[in-house]
Structure formats: structure tokens, C-alpha cells
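Quick one: the structure is below, questions incoming.
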Amino acid sequence: MELIINLLINGLATGMLIFLLAAGLTLIFGLMDVLNFAHGGLFAWGAFSGVWFYGLTNSFTVAIIGAILTGIVLGFITEKLIITPVYGNHIQQILITLGFMIVLSEMLKVVFGPNQLAAKTPPLLSGSWEIGDVIIIKYRLFIIIVGLIVFGVFQFILKRTKIGLIVRAGVMNKEMVQALGINIKQVFLYVFMAGAALAALGGALMAPYSGVVYAEMGMEFAILAFIVVVIGGMGSFPGSLLAAILVGLAGSFMAYYVPALSLAVNMMLMAIVLIFRPQGLFTAKG
Amino acid sequence: MKTKFQVNNGILIVIVAALAVFPFVSDSRTWTILLTQIFIFSILAMSYDILLGYTGIVSFGHAMFFGMGAYATAIMLNRIEPTLGVFFLSIAVGMVIAGILSFLIGLLTLRLKSHFFAMLTMAVSGLFLVLAEKWRTLTQGNDGFTFRAPEFFKDRMMFYLLVLACLVLVYFFLRRFVNSPLGRVLIAVRENEQRTKSLGFQTLHYKVIASVIAGVVASLAGSLYAISLRFVNTSVLTMEITLDALLMTIIGGVGTLIGPIIGAGVIELAQHYLSGLAKDYPIFERWIIFFGIIYILAVIFFPKGIVGTIRYAYWKRKNNDLKVDVPAPKRKELIK
Amino acid sequence: MSILLKVDNIHTHIGQYHILQGVSFEAKEGEVSVLLGRNGAGKTTTLKTIMGLTPATSGTVTFLNEGITKNATHHIASNGIGYVPEDQGIFGALTVEENLKVAMRKEDDAARERQEYVLELFPDLKKYWKKEGGHLSGGQKQMLSMARAFINDSKLLLIDEPSKGLAPVVIEKVMEAIVEMKKQTTIILVEQNFIMASRIGDTYTLIDDGETVQSGQMSELVQNEELKRQYLGIG
């Protein structure tokens, strides 16, 4: 029983981190029709800058805020420099965002050095609780809570605010949103920056969880996020949460019971979804 | 639109002849090795051009087929015996496996939109990389293993000539292929898949054929690559290989075949010199950043690549007064 | 009456195709101008070009004495042109209320007053206030789309084939609404249904093969059997 609860918590925590990455990816895709292959780079930058700010100030709050700001700034740069010039051309988009992914991860090595960095868990969140036989690691619970809060906040924005309505309307019909007098390019930029901020937050939370940060982590997690976005349905925000939890749990249980299959399971999930339900389990449009 | 500018066969023969006699007149080992490397990556980049340039498919999993060839050759030479016969057999085995694999993957994934396809190929090839890392009894994972090449290749020159011959053969084969009626359909798919479909072509079939040919040729490049190093590890399956092919194709010029060869030359030479510079200037250890930036700029400002841009300039000069304006057909004209 | 919108010899390319090859007409304030022509003649593209969705490659569009040919769509819309596309452009997963809310640029008293007005005009919308746009009937979607375009004090409404696919009873309702809206705004209407067009149109512009063939008063066209037979296939 305790094993199952531990695997559950592990899976949920990983799922939440993937969700933070996938949420931006899915919103950006749904609204702008852009699949951002550089998204994992923003995640890795969040992780590194989080570690850096933490080392500098010794405050985890500052580290998180610093990482989010880094994400927002990088998101702004990416949208203006990389996405806008090739807007509407799918092949160029795919090629250029992948290229930017490489630049982002190499720049990490230039700025922070080529080696991996150790990441500490803040004292308040380290350690664990014992409830009967079950040991709950505090930091993992923290990640789950943060993930749920982020989901709640974004869900509220999407459902209840004007900008959220505009974003949802834009996912359904971009032309019509413009014809109603809304500058959709401005909305694109905001959504892109918000997505980048979420990715960076995910990275910053990931750092103490895995204990180290390294440049390649962006790509590794991006692949999981792609799988999640496909399973959850491109452009569906709740879909990405459910799919991320599914992928996180599948990974955690498989890693324990059938370690050799842990990655293959997610791949198989994605392949099955793509072949039989290419629009994903949830759809955002119409 | 058909361009009048075609690479002149005469010039090609002269260049190939010059390259063929090169190792006899120069005894620079470095250059022989470097040129061999360029030829091998030219083959890989050309195979990528069939996908990206001629069919308009972006695959992020091309390394998978390259790695398949490399492992087929390395494992067979290591396990059976290092002879020429086994070498050729291993090339064939690699090609067959790559062909079957690309056929299956293509059949399952090529009906998807470009985004999904790129993503899926990336994930599948990631899966193969993990598989190779885990299946240590066969591959020895990231550590890799060395093996003995056939006696015949002890002389680097022989290998050089073999690779050059492969390059020339592959080039003519692919050129023949893209100019065939089948290749024309592929170009139509690239230009407008929907319309090609409505003309009655099963575009999926054509895309699968393109992906099989690209996979098989990439496997050949992988086999040659393994021999050139006499060593193989999981790096042959990594994203870096796909990126190299991508970069060479884009810089050289997509959809030109000769472009990727030039691209391979440019990239390999630049890589050679830039990593040489790293001894004095540490920033060049991160030379891949420069490639990344050049690549991004190329995608935005220079999407035709070196050869494409030259061809376009040539074509434009010849058709200076040609007005490029296609009026929608008028009913009155149709009635006439 | 003053000229509100003037379209002067516009040419529009979509991809490599030259779709509009010289369309010109004027819309006078307070009138309903109807664009007529066969399928594929370029009527919808003309509206999209005015809206900036498929910008003209040459020629000019002037609105309120100001050139708007190269303006971005959202500028054109906020300058006071409302658009009701052929497919109505309803946001299917948003409710009627939310569809109107997205459209409302300023939520002031004037806007609320206009909202009251459109809800009186289309009582169905009030009835299905919380219903998702995708679940409305064709006629209700048409009304919602018109209400959405009207809610922002639009000086000009572009309405693309409002009668398409609707039952005759519903067409009658939509027509009544257009006549009612005409009291407050100017309308450019694309309409295949000549009976409807001739009843509510003040002026007409005939478009064929992407070119203006003729413009004039609707009453003249009703008399001109030759023109109707040649370009509209009726009469």
C-alpha cells in the first residue's frame, strides 16, 4: 500500500512538471498554430536561472520569481525574433524553433558552464512526513500543490476573464477575432510569454526535485510534453493536465515494475492516440 | 516551375575525376579523412533532401536509419568476420532493415500533419536511442565498441575511392529518381498536397516511397560512417546526426541534391576549422551555437540555400521580362 | 447623402491567384448596397478585402475619407466596420453571452444600451443566453453574428449571404432585422437570393469574374431583364 501511494505521489509530481511544460505548448499551438520545438529550452533556462538565483539570494521565492521572469523575457524574445518572421509557414516554423532550441541549450553552457549544476531543496520543503507506514516527501507534495494552483489560476483566467475569452475564441477562429477589432498579434505575444513563464516555472521546480540541472534536460522533458500534448489534444488546457498526470503515473509505475518499458509505454500511448484519435482525447475547437 | 539551370554533367565529371586522383597526388592524411567524411555526410544529406526538399516532409528522426546502417555493419563485421563479403552483406542488411522500418513508420505516421510527423519521428528515434543504450549485449551502449575493418580498407585510399564511388552512384540514382514521373509527383505533393490528392494521386503512397528511399540511402551512409571510424556507439542515433543532415541540406539548398553535397562540405570544413580554433578561443568549443544562429538566419533570410539562390538568380536573369501573375481563369475565356 | 465607403479599382491576390481584377463601388450613408453576381465572382473576397483579411494588392479602399487599404483587420474593425462572414464565425464553445462579450470593445452604458437593442431585435438570443454557440440553429447563429457585429456602434456592416441555408420563415426574420438595423447604420450585403436583395437593397453592384460590371439603383436592375439574365441567370 505505501509503495503504491509513493509511486502515486511520484507520478503526480512528475506529471505536474510535465503539465507546466505542456500547458504552454498546447495553448501556443491551439491559438497560434505553432508547435514550439524550443519550448524545452525555456524549461531548461528556468531550471538553471532558478538554481542561479537561489545560490545568489538563498531564497527559494526569489529563485522561482527570477526563473519566471527569465521565462517571460525569453518568451518575448522568442516570439518577436523567431516566431513572428515565419508566421504561417509550418515547415519553416518547425525548422526554426528546433534551431532556436539548440541555440538556447548551447547558450546555457556558455552562461553557466558546460557541466551540470547541483540544485538544493530549500530547508522548509526538504524532509518528509510519516503518516503511519507512508512516507510523504514534502517537496513532491509541494510540486503537486503548485501544479494544481497554476491549473486553477489559468482555468479561471480562461473561463472568467475577457482576455481568457479572447484566447479561447482565438483558438476557435482567429480571423473572426480580428474582425471584431482585437489585435490578435498582441494576444499571441501575451500567450507566448505566459507559456514561456509556465515552462520556466516547471524547470525551476524540477531542479530541486532531480537534484541536478543540465542543458539536455530541456529536450528530454520536451519530448514528454509533446507526448502529453498529443494525448491530451492540441489546444486543450484541461486535456494537457489529465494527459500529463497519465504520462507521469505511467512513467512512475512502469519505472518500478517494468523499468525497460518505461519510455516505450508513453510512446505507445502516443502512437495509439495518433493513429486512432489524431485530434487527441480532448478537443479545444468548436 | 522547371529551371533551365541544371548542373552540367561535364563539370561534374571533371570534379569527380579531380577528387578521384586527389589521394594519389596528395599524401595529406587529414584531407583524405576529411573528404571521406564529407562524402559520407553528403550521402546522408542528399537522402534528407528527398524528404525535406522534394516531398516537403520534416523528419526529426533521420538518425534512426543512419544508426541502423552503422550498427548493422559494425555488429556483423565484429561478430562474423571482417571481410569484404560480410561488409557488403551488412550494407544490404542495414538497408533492408532501414527500408522495412521506414516503410512501417511512414505508413503509420505520414498521414499526420507536418507538426505531428516531426514530433513523432523525434520521439520514435528517441526510443531507438534508448533501446540501443539499454541493449548493451548487442551495442555496448554509450561506450560502444571498436571492430576490425576488412583488410581491403587498411589502405585509407581504397576506402576513400569506395565512398566517392558510392556518392556518385547515389547522386545519379537520386537525380534519376527525382526527375522520374514519380519524383514529379513528390514535388507536386510538396507544392500542394491537397491538390495532388484531388488529381487522384494517393499521396500517402508516394510519401511512403520517398521515406523508404531516404531511409535506405541514410542507412548506406551509416554503414560507411561506421567503417570510417572502425568504432560505433549510440551517438550515431542521436539528434545531432539528424541536425547535421538538416543543416547541410538547408545551407546547401533544399530540393537541389547538389546543394546538400555543398552543404556537407561547408559544414564539415567549418566544423573542422572552428573546433581547431577552440584551442585558442574557448568560445569556439561551443561552435554549434554559430551553426544554430546561421541556421536560424538561413531559414528566415536564405531559405533557398546556396545552390537554390544561385539557381534562382540565374533563372530570374533569363526570365527578366516574364510577368509572374497567374490570373484566375475567366469564364469568358473558358467558353472560348 | 455622403459616401461612407469607396472601393476604387481593387485587385486582390490569394496565393498566386489573381481573384479581384478591378472592383469599384460606393456605399452611401444609411443605404443598403447589395453586391450581386454568380458563385465565385468575387463578392466574398471583396468583403474580405474591405476587412483587410485578404488585403488588396492594388487599388484603394476609403472609409470615412480615410484610406484603409493597408490597415490591419483589427484597426479596420475598431474604426467602425462590423463583419458578418458567410459561415457566421460563431465561437462554438462560447455561450451566446460570451460571444457578445468578446465582441464588445468598450463595456460602457452605450454598449449596454446597444446590447439591449439587439436583444429586442433578436429575442431568441436572450432565450438562449447561456447556450453554447455551436448548439444554436443556423438562423440563431446568423442573428448572433449580426448582433455581434452591431454591438460596437459599427457605422458600416458587411453581411455575407445571410439567407444561405435558412428556411424561408427564418429568412423573413433576418430580413426584417436588416431593415431595422438599416435605421441606425449603413449596410453592404452580399446576397444570392435576388428577391430578398431587391426588396431591401437601395443600390446594386454587379460583379463578374472579379470585376465590377455595373452599378446603379436597385429599381433600375429590377427592370433590366437583359442584365439579370446574363449575370444572375434569372428573368
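Observations on the structure shown:
All chains are identified by letter, namely A, B and C, in their written order; residue positions are counted from 1 within each chain.
The rule we apply is simple: a contact is a pair of C-beta atoms (placed from the backbone, for glycine too) under 8 Å apart; a residue touches a chain by one contact, two chains touch by 3 or more.
These numbers were taken from a predicted model, which means no experiment stands behind them.
Closest to the middle of the protein, by Cα centroid, lies chain A. Which two chains touch most often is answered by the contact tally, and the pair is A-B. Each chain gets one centre point, the mean of its Cα atoms, and the points for chain B and chain C are 52 Å apart.
Rounded to whole angstrom units, the spacing between the C-alpha centres of chain A and chain C is 43. Mean C-alpha positions place chain A and chain B at a centre distance of 33 Å. On chain C, the positions that touch chain A within their shared complex are 51, 53, 72-74, 77-78, 83, 85, 89, 91-94, 98-99, 101-103, 105, 134, 148, 152.
By the touch rule above, chain A contacts chain B in their complex via residues 29, 35, 37, 82, 85-86, 90-92, 94-96, 98-100, 102-103, 106-107, 109-110, 114, 219, 223, 226-227, 230, 260, 263-264, 267, 270-271, 274-275, 278. Within the complex formed with chain A, the residues of chain B that make contact are 52, 56, 58, 60, 108-109, 112-116, 118-120, 122-124, 126-127, 130, 134, 239, 243, 246, 250, 283, 285-286, 288-289, 291-293, 295-296, 299-300, 303. If you check the complex, the residues on chain A that touch chain C are 162, 165-166, 168-169, 172-173, 175-184, 284-286.
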